[in-house]
Each structure stands twice: as structure tokens, then as C-alpha cells.
Amino acid sequence: MNTIENIIKLALFEDSGLGDITTECILSESFSGKGIIVAKESFILSGIEVAKKVFKFIDLNCECFSSFSDGDHIKEGEIFFKVQGDLLALLKGERVALNFLQRLSGIATLTRSYVNELEYPDVRLTDTRKTTPGLRSLEKEAVRAGGAHNHRMSLYDGILIKDNHIVVAGSIKNAINAVKNRTTHLMKVEVEVTTLDQVKQAIEAEAEVIMLDNMNYKQMTQAVKYINGRAVVEASGNVSLTSLNKIAATGVDVISCGALTHQARSVDISMRINTV
Amino acid sequence: MNTIENIIKLALFEDSGLGDITTECILSESFSGKGIIVAKESFILSGIEVAKKVFKFIDLNCECFSSFSDGDHIKEGEIFFKVQGDLLALLKGERVALNFLQRLSGIATLTRSYVNELEYPDVRLTDTRKTTPGLRSLEKEAVRAGGAHNHRMSLYDGILIKDNHIVVAGSIKNAINAVKNRTTHLMKVEVEVTTLDQVKQAIEAEAEVIMLDNMNYKQMTQAVKYINGRAVVEASGNVSLTSLNKIAATGVDVISCGALTHQARSVDISMRINTV
Amino acid sequence: MNTIENIIKLALFEDSGLGDITTECILSESFSGKGIIVAKESFILSGIEVAKKVFKFIDLNCECFSSFSDGDHIKEGEIFFKVQGDLLALLKGERVALNFLQRLSGIATLTRSYVNELEYPDVRLTDTRKTTPGLRSLEKEAVRAGGAHNHRMSLYDGILIKDNHIVVAGSIKNAINAVKNRTTHLMKVEVEVTTLDQVKQAIEAEAEVIMLDNMNYKQMTQAVKYINGRAVVEASGNVSLTSLNKIAATGVDVISCGALTHQARSVDISMRINTV
Amino acid sequence: MNTIENIIKLALFEDSGLGDITTECILSESFSGKGIIVAKESFILSGIEVAKKVFKFIDLNCECFSSFSDGDHIKEGEIFFKVQGDLLALLKGERVALNFLQRLSGIATLTRSYVNELEYPDVRLTDTRKTTPGLRSLEKEAVRAGGAHNHRMSLYDGILIKDNHIVVAGSIKNAINAVKNRTTHLMKVEVEVTTLDQVKQAIEAEAEVIMLDNMNYKQMTQAVKYINGRAVVEASGNVSLTSLNKIAATGVDVISCGALTHQARSVDISMRINTV
Amino acid sequence: MNTIENIIKLALFEDSGLGDITTECILSESFSGKGIIVAKESFILSGIEVAKKVFKFIDLNCECFSSFSDGDHIKEGEIFFKVQGDLLALLKGERVALNFLQRLSGIATLTRSYVNELEYPDVRLTDTRKTTPGLRSLEKEAVRAGGAHNHRMSLYDGILIKDNHIVVAGSIKNAINAVKNRTTHLMKVEVEVTTLDQVKQAIEAEAEVIMLDNMNYKQMTQAVKYINGRAVVEASGNVSLTSLNKIAATGVDVISCGALTHQARSVDISMRINTV
Amino acid sequence: MNTIENIIKLALFEDSGLGDITTECILSESFSGKGIIVAKESFILSGIEVAKKVFKFIDLNCECFSSFSDGDHIKEGEIFFKVQGDLLALLKGERVALNFLQRLSGIATLTRSYVNELEYPDVRLTDTRKTTPGLRSLEKEAVRAGGAHNHRMSLYDGILIKDNHIVVAGSIKNAINAVKNRTTHLMKVEVEVTTLDQVKQAIEAEAEVIMLDNMNYKQMTQAVKYINGRAVVEASGNVSLTSLNKIAATGVDVISCGALTHQARSVDISMRINTV
């Protein structure tokens, strides 16, 4: 039921679940092989553990080795992953392991560029729920490998009251009270607001985190000033490498940025396999 | 066991499998809602069916509607998807449906730019197996929506003899013979080659498709000339918008291009939900 | 993947997954039946939705009806649930539905006696993780039906730093810092302490919730006084109907009580089925 | 598909399936730990194998040890279970293992008190199907650990003709004939009866086991006398520690008692974990 | 978890789980179709319900119809099954439905020839556990459609003490006692014996069913005479159309025959599909 | 998700998924055992790997051994499989392993008789999709063990245009074009035809394989002559030991024969188990 195991299973199944017909036609006996994965450009690494799991999943006897960890900087030409084992297993795992690594490292690399850009060390940069279906927890790990933080993982592990909730509850106050009464005493209550008036209502209703959604810099500055430490302030919407520091300058505590996951491109890596 | 249903299940599970705690705290009764998805930039659509399945999966009584099909051009500002149903279901499906649509449409859009660029109508442009883990068949649909063709879906539904197979078999001839004897009479045999000498061996051994891997334009031209219609010729490696027509000009029949899937970025779309 | 559906499936499977041999030997044609569930003692109801799901799971065409909701007081002799449908389905669902209802209502009933006993309306009474394996979320619903609140559902949706964490981290301060850095900004950090000295460390490290574990009344009073509103205070350990108000009198905000779930006995109910 | 493995999986999933966030924030490296489970009151043990399986399920390398077996008497203060392994695994398994042990030992303990009370060694005391959903086979093992016997496990492995079956079949004779014709020659046929007249019909139709449902002592005595060894006689309904010997005195062969499982309370045990 | 659903799922998956590529290439819109299944030889029908389930499983909106039931005699040329629905669904279900029907009807037809041959109406002819993996319950239904009875379905729903059990237990008496003490009071105890001496031990130990394994006619006659109604007598081994009545003539009660399932050949049927 | 593992699981589940009640009543401690499987008639072996997997699946510590491989000729009386391990595991695996071996070897044996009969070494004899539900890939392996070839495994890995496809597409030409445009460049296109006129249309539309369905010898000879090497020619329908060489004599390249799988009978084998 673990989601990482599930996505590995699914990825292996879609690639070779019914067999690798070419290899099966040719390999009448068992061969040993060695594989190495090489960086064809420079990037920040993420996915090293899932790559190991891919090969282990196919054949428990595979030996995987890497002297790098997620978050490390990999240079062009560097061999950053080795695997030794049954040739059939290496050929089955090759494409799937690469597909995970290239996407996750792409996210870590893009995230690192945001983190490096940010000049305000006390501001927390987070991801969003705009992740590839099925890869949520892996992509959130990639964001941490890149040096940023995570926002909630799902609709289950964090409270965020949005416009529809407010409409249904009748008011921000009603919504916050309903949530506080029904949830555990271990959850903070966040409210999404779009106007300064809503900020005031949220503070009055004792919201613990306030998300300023798509506000301009001036509005954000005003909101931060009004809140004055009574709640954690999060900025959301239109966050880019260009706008990042301007948003941070408004005094918000948290900036959440969907681009970290949905604007990332795969890094260029390849695998070479040899029989031994 | 269907992979599309599996990835939808996984995506919904990781987002709200254990519940949507905010909404559950607030909604004590059932509400009806309407949702619309809007394009915030111009793009080629893909994923319309999977978006419908997401909402149907949560609640069979949702009504989904779109006047567009995969492959259609969507303009900025266009409302291209509507859904009506239980508010709780809409809130649960929102992020997952958007995450599918933004990624798949991103692939269709990038693919369309390649297709439009290609000036040789008889050359078949295909994808590769460099797809996001778990989304293989959806991303291959997105490639078709973009106007290109598919290469094999997996290691199971197409034969491709690579260097390791040749090493194990002893020669290209041995490898092709082994495969022809063991597979069905409905499969064509493709061999990946890197030199003109290997091209000759492949032709001699009656390969039905020959993949020229990372050859330069001159080599490709020579190979095509030598093969002279005796096998389908596929070019692979370093295919970009820039190199595309130059490769096509060498006379190859098929160009396979990993960038279609792994260099795509998500398109910008959003959903608005209202109670009714 | 939903846990409630899983426990229903498991319960049905263990009871009739391979068939109901007696009924199958006798019923050569299809019969309609009506069933009613009767209270043979007075109790607080919980499980009405899961009972409906049991019958619906066996046969979508069953019609279930109840004029009562979870949390309602049911009197001895009252018919509180009716189901109409295929006789075979009723016979299969009977025992499983009763087994859920009798246990969950037992918990709601015991919880209500605690809630009625508690004389401090501002003190929040919660359950613990001492629940029957597989029935966690249902038993937590039963606690709410009884009028109390829930503590965290699992190790995933709430942070609680215990002695082992403190040992590994080196100090309470280290543990709290590590957690605050790594978790989202939506989670409160709770620390379990056993001495007044630990209370001081927790406050210094800005713990947001402090659990006083197995302290006596005097210690609890001192802790509450020291904390003085700087953190939510939870009392835990040896909570019984006798000790409840004495603990509340110390000024704590929350009392967590394992007995609500693990000392409950099933209530006495039975089902009568007739062919129609 | 094994039900015990399924309930362990479900129990672990609901407790830590998505992770143990506190521990994961703090443990950056791997630690070894030792755990002991201590009895905080005296009881009859059941669940020792399932507790081992819980830890083994999380981590195959855990070492579990107990010098006790199910059915043993555990004294207050006794350490009856030890486990050594990865600290993360111990913290994940702790609550789940305890939750199984406390409930199953509760059933074994209550059952033992019934067995000790029963003064008729030839009378077989059995459980019923009134068990906790999902824990049927474990709770039936606990009943055997307590010294009693099992009635059928499910609707599949034993035949019991009840009032509805008789109504549908037209008569006791018809029902018994239908069953005997359709089932294998390895199953005995039991019929539930409420009157002496039905006893006579059951004997005439060659029932092999007759259940006297909710009869008073006088009726049971008459029934036993009439049956006179021609069928096994089972008494059912309102069996308590008080009524047990009175029922046995009527001469019945079997007494089935739902209270063994549904009136049991958890025993008091706790686990202490140390890093090593 | 139901085994019939599982084998249908598996059969559909192996035939078209990843799609029907030919049809998907051609059908760009939805078509309606009608299919009929025709007998190309005369046989006894079995599998009509599973055939319906196959089509329903693919598409809930299919309409299946048959005026025949399992056990009916189908004449050559007869149309015994009709289905109407989406053409894609008909093409997917066709081969799977036929594969079930041809095998199950083959078993029913062979069984009927044994049943017709048997001249002793009081002797019960049963199958064994020698069935096709995964089709156990369907093949046992086919045996009943043919007019014979079932032996136990699995190792779980009937007791049969074999030579290994006797060796381990020390003696037939020990084995029977161990079983009677541990199993429920609803199971009969069967013992497999090969000599007259073992028959005597079994009777002494109060075996309820005795299986004479591979005895010759004379031994069987002696055994039946000795047992003299004190246990049900079953003959097993080398049962054929030729030996059937000779075995029955020895006076045994039950004859179990593996050939019913493992010597059956598929009947000849075919499906015609038309668009409408 | 692997289909072979699934059918093994299903077969084990249906036979002993809920336990082996006889053995569990008797074995209070663990015993070691040895088992041998003996041929009671002469046959061609298939299923040796699946038999090993059955025992390994129950108990990873079982040791299986065979000096024979699939395709070998086994003589009456030969011991061709040995297994050593826990007695409980041997007793659970016995019937399931035998049921696989007896059926698969039956298919290999029948196939071998066809292969031996065929006097035209260049003609490829293949199976069809008329296999036992759930055993497709195993039965296709058995066909190869017998010396014949496989036709497509499923509707997914080979293209075959049938009458319904032609009707829907409008013509053979339309159907072939649609398929060629939509499928990958690695698949050959096969068309099923029943008349010489259709053969001509198929050749004109550049079909790569043509199936002559139920044609008589004269028609087949004419078709082969007309096609004259422009496509692979397959004969289908009414293939038997008698007709085999007459069909081959017409000059076709491939003969597909359903009888290989659906007319096979189980071979006679048995297992002896001893405690050690």
C-alpha cells in the first residue's frame, strides 16, 4: 500500500510486466552484467534510493552502489550510480531507473536554482500539490533535495480553508470554528484569503496560518503589517525566479511555488551495460 | 489491472486517500457544485478522457462535459472542461485532474511544435520509452494528440535488438535468427546499429527495421543508400527542433525523439468551483 | 485502498467469502427479504453508515433505512435499522453488520458515560491509538459519536515527540528543532514529558503542545501553572471515570483516555429476517 | 489472501502506512533498539505469534523472542515478549503489536474463566461468529488458548439450518434433504430449533446436530431426553458464567457462547523501548 | 477475493488486458453488435453463468440471454447463447467466454456419460481435487451439471486423514482423536486406508467415513461387509467407464473419480458477431 | 501482476488458502519431508518450472530438483521431480503442482505428436488463443516444449484483422490502412480472408500476413499461388492429425491449430511423500 512501491511496480509493469521479448528470445542461459549511469550534463541529484529499489525489486540479488546522495551536485561526465547483477534484471530496470532519476533530478536542479536565488534566509520556500500524478512523495523528496521545504503532502495532513469552504460555512469565522472543533489539537488552521478585509476576519477568528493568494506586492506588505506576527503568513501565486525576492521582501514567512515541480525538465543521463 | 485506472487510483490516493480533512470538518451536509477548467495560456489539449475518469472514479454521478477532444487547439481564456456533481467530489478531483491535464497537454503541445516543424510528410516522428514512470500509455496518447506516432509501448510489444543482445548472441546474424525462431510470425525484427558495417550485417541477416543510433548526417545518408528499401530505417539520438529536418533529409523513414515526453513543461490551467 | 472498505471486505470475506453453504444448498431461486435490527438494551448508536455499507457491498440493490444517526440514544426494544433486499444478501450481511454495530456502539456508549461525567466543559476529552487493529477510523468515529474528540489518527497526521526521540536527538530542544525544520508549517509540535524539568525545557524550545505523562495531580497543577498558556497542555495515563474530574481540575486543556476504546464491551442487539 | 496477513497489513497501514513523521524528522541515521513487553496485570496469553509477525512484517531482520506460548498464564510484572531490531521498526510496530496482544489476551482470559467455571468435562464449550470484524481467526485462536473449542469459522465450513432456511424449504425435512443432496458427504447437518416439536422433526429427518436456541432448562432437558444420543445436542443463547453449569446439567453435548469474544476487555500491557 | 471473479479477471487480462490493438486501430467510434454462440457438436452445457459474467465484466451494459441452463443437453447446430452490446466488448469477451464454455461443457459432458453408465442409483459419484489450476469451483459446478456430486472443494472444507498424517500421529486412532478434539463438531472425519487391517483400526477409532484406496473388488467387498454401515464407505482409484459398475457392485456408498475433470476434452462451439 | 504468479496464487488459494485442516489438527510440531513425482505413463514434460514455483511459493526453503527440462521425453516409471522441505508445505503443494504438470505435459505430449506427424520442415505449426482461462502463457510454453511455435499471445501483441473489422472499416484496404497508420512500425499486419477475391484485396492493400480461414485444399493452393511470396500465408481451421500434411502440401507457411491446447488430456503422474 506504500505509494513509492506502487509507482515502482506500475512503472516496471508498464515497461516489462509481460516480459522483455527480445531478451527472452536471445538469453537461453543466465548472464551477469554491470551497469553504470553517467551524467551527460551537470545537475542536482535526486532519486538515488528509488533507482536502487527499482533494481532490487526486479532481482533481490542486484548490488547497487553510489557514492552520492540526494542533494549532491553531479558534474557532467560523472558516473554516479553502479549496479551489478543478472543481465536480464539490468536490462529490465535500465529505462525505469533512468526515467525516475531524470525527472526527480530535474526537479531538484530547478529547485536549487530557486533556493540559490532567494536572498532572504528566514523565508521558507515550499512546493505545492502541483505534482505528477503518482509521484507526489518522490517529487516532494526531490524538492527537499533541492533545498526547499514541503507544503502539505495531501488533503489529509494539513488544513487549508479555501473560498468554497468559506462559502459553505457562511464566513471565515464559522469555517475556522468548525475546523477547530472537529480536528485534533495538533493541526494548525490555514486560511486562503484574497483581500485585506479577509485578512482581518482571519486574524479575528484566530487563524494560525494565512495564505495571501495572488496579491500584489503592496497588498502583501499591508497584510504582513496588519498581521504583525499573529499568524504565519504564506504567499502564493505567480512565483518565479524573477518575482521571488520581491515577494520575500514584503515580509511573508513562507512562499509556495508550483513551478518547482511542474516546470522542471528531465536531466540528461544514460546507462551503459556490459556483460561480465 | 489496467494501467490507466491504476495511475488514477494512485494519484487520487496520494492526494486524498485518507480524506480531505478541511472539507470534512466543514461539510456536514451534501452540496452540489459546478466546476470549470480554464486555459491560462494557449496549448494543444490532451487528457480530456482521463480528467473525466478522475471525477467519475470519485463519484459515478458526476457529469463531465467538454466540447473539445484531445489534439484540439485551446486558446487562452477558453473554458474547455465542465463538471457538475457533489461538491466534495469536485474538491477531491480538482488537483488530480489538473495535474493530469497540465502534464499531458504539455506533451501534446511540444509534440505539435515538432510536427509543425517537420517538412517531410513521409517521415514518421515517434516517441521513445523515456516517459514519466506510471504515465507511459497516457503520455503516448498525448504524443498522438500532438500529431506524432508511437514507438513500442514496452519491452513486450516490439522487438529491438541492442548491443548487449548482439554480444550475448555472438553476432547480429545469430541474434536475428534466434529472435525469428522464437517469436511469432507477426513481429518485425528491429536491430540497433552504430556503424555502416553493422548496417550491412543487419541487411544480410534480413533485419526488417534498422535503427541508426547516434549517427551523423553523412553516415545516415550512406546507410539509407546502402539499405535501399530492404528495411525500414529509423534514426535515433540527439533529435531536436533544430536537427529534425536535417535528419529527415537523410532519407530515413522514422525519427524517434525522447524530447517529446521528457522535455515537456506543464501548461497553465486552473479550475474554478462554485456551489449551486 | 480506503481502510473502511478494506475492513468491510475483510470481515465479509472471513464470514462468507467462499460462500454460505447452507443457504446455497436450499435457495434454488431468488427470494426477497426484510430485516430489522433491534436493541436488546439501551445504548448510544455508532456504526449506522458502516452497517449500510456492509449490505450495499454484498448487493447494490439492498435498501437500508434508519431514522437514527450516530450519537443518538437508542432505547431497549427499539428497531433502529431496516434493510430490504435479496434474502441471500441479508443472510450474508447479518452477522457482519451486527458485529460492527455492537462493537462501535459499545465504544460510543462508554465514551458518552465519560463525557457525561466530565464537569469541565472547556476540557477536551480525546481517545488514543489503543484501538482494535483494522478498526481505527471506525472506532474514532464512535468516540466522536459518544461526544469526545479524537487524538491523532496515526503516526502520520500528528507530531508527538517521545522519550526515544529525545534520546536519539540528544535533547528536547534538538528534537523540537529537527522536527520544526523538516515538517510543514501546518503541524503543531507536541512533546511528551514526565517531569517538571522537562516541561521547562519544552517551553524553552517552543513546544506547541505538551503531554504530561502519568503525572500525579500535584505535578500536573504545577506544570499547568508553569506553562501558563504558552502551550496546550494534555494529560495522559490512568484516566478513568473516577480520576477524570480530578485531572480536569488541575487545569489541563486536553485529557487523552485509552479506555474509551479498549475497555468497551459490545452492546446487545439482534437481527430478525423475514421472507416477503 | 491470507486473512491474518491482511489484518496485520491493515493495522500497520492505518497506524503508520504513510510514515511516522515524528521519527522520520529526527532519525537521520539508523539506530538499533530493544523492546520488552510487560504485563501490568495477570492474564492468559494469546497473540504471541501475531505480535512476532507484526515486527517481522515491518522488518524481516527483527529478532523476536518469548519463552511463553498462547494459553500460558502471565503474572503481573512479567516480561513476556522481547524484540530487537531497527529502532524505526520497533517504534512502528509497538502500538500495533500491543493492540493485538491486549485484545486477544483479553479473550483468552475471559474464556479461561468460563472453562474453569464449567464442572462438566464432557461438555464442549464453543465460541460463535460474534467476533470483531477482520479478527475472526485470531479471536478463535484466542478462544482455544483460553481452553474452549471453536464453532464453525464462517458460513462456508459448517452447515447450520436456521428458521429462514426452513421457511424457504417448506419444512425441516425438506431443508435437511436439500442440504444432504447438495453438500459433500463430509459435512454434518445441524438444525436450529426452538420447540420440542421441531426437535422431533429434526430427528425424524436425520439431523446430525441439533441446536436448542434460547430454550429454558426444562425444555433442554426434555429435548436431550427425546434425542437420546441420535444427534449431537448444542445449547445456544444467554450463556453466562452464572447459567453455564445449569445448562450443562441438562445433558447437552455442546454449549456455544458469544460472550467469550464480545464481552472481553483488553488486558493491560505496555512496551518499553531502548536504543542499544 | 472471490475465486470465480479472479479467474475471469485473469483470463480477460491475459487475452486483452493491455488492449485489443487491431480493433482500437479501426474503431474510431462506438458500434453496437450482436453475438450468438452455436454448438458445432452435441453436448451437456456448463458455464452459462460464467460466460454472462465475462461479458458483464467488460461492459455492464451488455445484455446476455440464454434459454438453457447448466446441465441441459445442447444439440448440434443449436444457438444456446446470445449477447448484445458494444462491439468492442463483444470482440474482447468472445474468446474468453468460449474458452470457459468449451472446457466446462466438456467436463459436464464426460460426467454425464459416467452418470448414465452407473447402474446403482444409491451410489454417489464424486469428483476429486484433480482440477485445472484456478478453475476448481467452476469445474466442480460442471461436475454437478453433469449429474454427479462433489467431494471436498479444498483442504479446508473437509477432513481426510492420509498415510502421512497417520505416520506423524503414530496410529489411525491417534490421528482421528487429534482431529476430533481440534476440529468443530460439524465435520465428519474421513480416513484413507489401503488394507483390511486399517479398515478395522478406522472403525475402532470411530472414523465416520472410510476411503478404500486402490483396493481390488474382492478387498472392497470384504471391507464393506466388515464396516457394515458403521461408516460411509468411499472407493477411490482407477475409476473408469469400464470399472464403474464393478466398483459399485461391491457395495460402497461413494465412488470418487478424477477422470471427470482431468480427462475431459473441450466441446466444439463458435461465436458469430454482427454489427447492428 | 505477473500472470504466472497470479495463477499459482489462485490455484494455491482455492486448494488450501484457508488452511489444510486435517494436517493442522495433527501436526503440532514441524516435520521434514521428501517428495517424488513419478510418471505412470510415458509423455513429453512441461511445467517443471511452475511446479518448482508452487513449492517455493508456499515455503521459500523448499529444495526442488529435476534432471529433466521441459520438452524432455519422460518414460513410464521415471521419477522426474524431487522436493524436500517442510512436510506441511509438501502436503499443501502436492495437488497443485500435480495439477499443473499433468495438464501442461498433456499439451506438450499432444503437440509433439503433431510435430512428429508433420512432414514439411519449413511449415511453422502454431497454437491459437483457444487455451484454458488463466493458463494462457503456461500452455503456450507447453506448446513450445512440444516443438511447435506460438501464435500471438493476446489481442495486444499481434494484429489480426477479422471480418468484423473489415465491415466496420468498409473494406480490407481501409482496415489495413487504418491499422498501419495507428500502430507502430514494428508490427506486421495480418488479415483473415475466406475467398480468393479477398486474398487479392489483401495483397493489393499490402497485407503482410494472410490467414486463409477454413478454405479447402484447392482454394488454399490457389491462394498460395496467387500470393506468390508477397505475404506470409497462414492456414486455419479444421486442423487435425489427419489433415495436417494435406494442408502443408498446399504450400502455406504457417498452420495454426487449436487442438494442441483444447484437445489435450492430462497425463498420469503421482506424488509420494515421506517424512525424513
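The first chain written gets the first letter, and so on, giving A, B, C, D, E and F; residue counts start at 1 in each chain.
Keep in mind that, in the parts below, contacts are C-beta pairs under 8 Å (C-beta built on N, C-alpha and C of every residue); 3 or more make two chains touch, one makes a residue touch a chain.
This is a predicted model, so every value here is computed, not measured.
J.: Which chain has its C-alpha centroid farthest away from the centroid of chain B?
T.: D
J.: Nearest 5 degrees, what's the C-alpha rotation angle taking chain B to chain E?
T.: Rounded to 5 degrees, the superposing rotation is 120 degrees.
J.: Between C-D and B-F, which chain pair is linked by the larger number of C-beta contacts?
T.: C-D
J.: From the centre of chain F, which other chain's Cα mean sits the farthest off?
T.: C
J.: Starting from the mean Cα coordinates of chain D and chain E, work out the distance between those two points in Å.
T.: A distance of 33 Å separates the two centres.
J.: Report the inter-chain centroid distance for chain D and chain F in whole angstrom, where each centroid is the mean of the CA atoms.
T.: Computed value for the inter-centroid distance: 46 Å.
J.: Which parts of chain D, given as residue numbers and ranges, touch two or more other chains?
T.: 1, 3, 13, 17-18, 153, 156-160, 187
J.: Under the touch definition given earlier, write down the residues of chain D that touch chain C in their complex.
T.: So the residues of chain D in touch with chain C come to 3, 6-8, 10-11, 13-27, 31, 33, 87, 91-92, 95-96, 98-100, 102-103, 129-137, 153-162, 164-165, 167-169, 175, 178-179, 181-183, 187, 262-266, 273-275.
J.: Considering the complex alone, what residue numbers of chain E touch chain D?
T.: Listed in rising order, the residues of chain E that touch chain D are 1, 124, 126, 149-153, 156-160, 184-188, 190, 209, 232, 234, 253-254.
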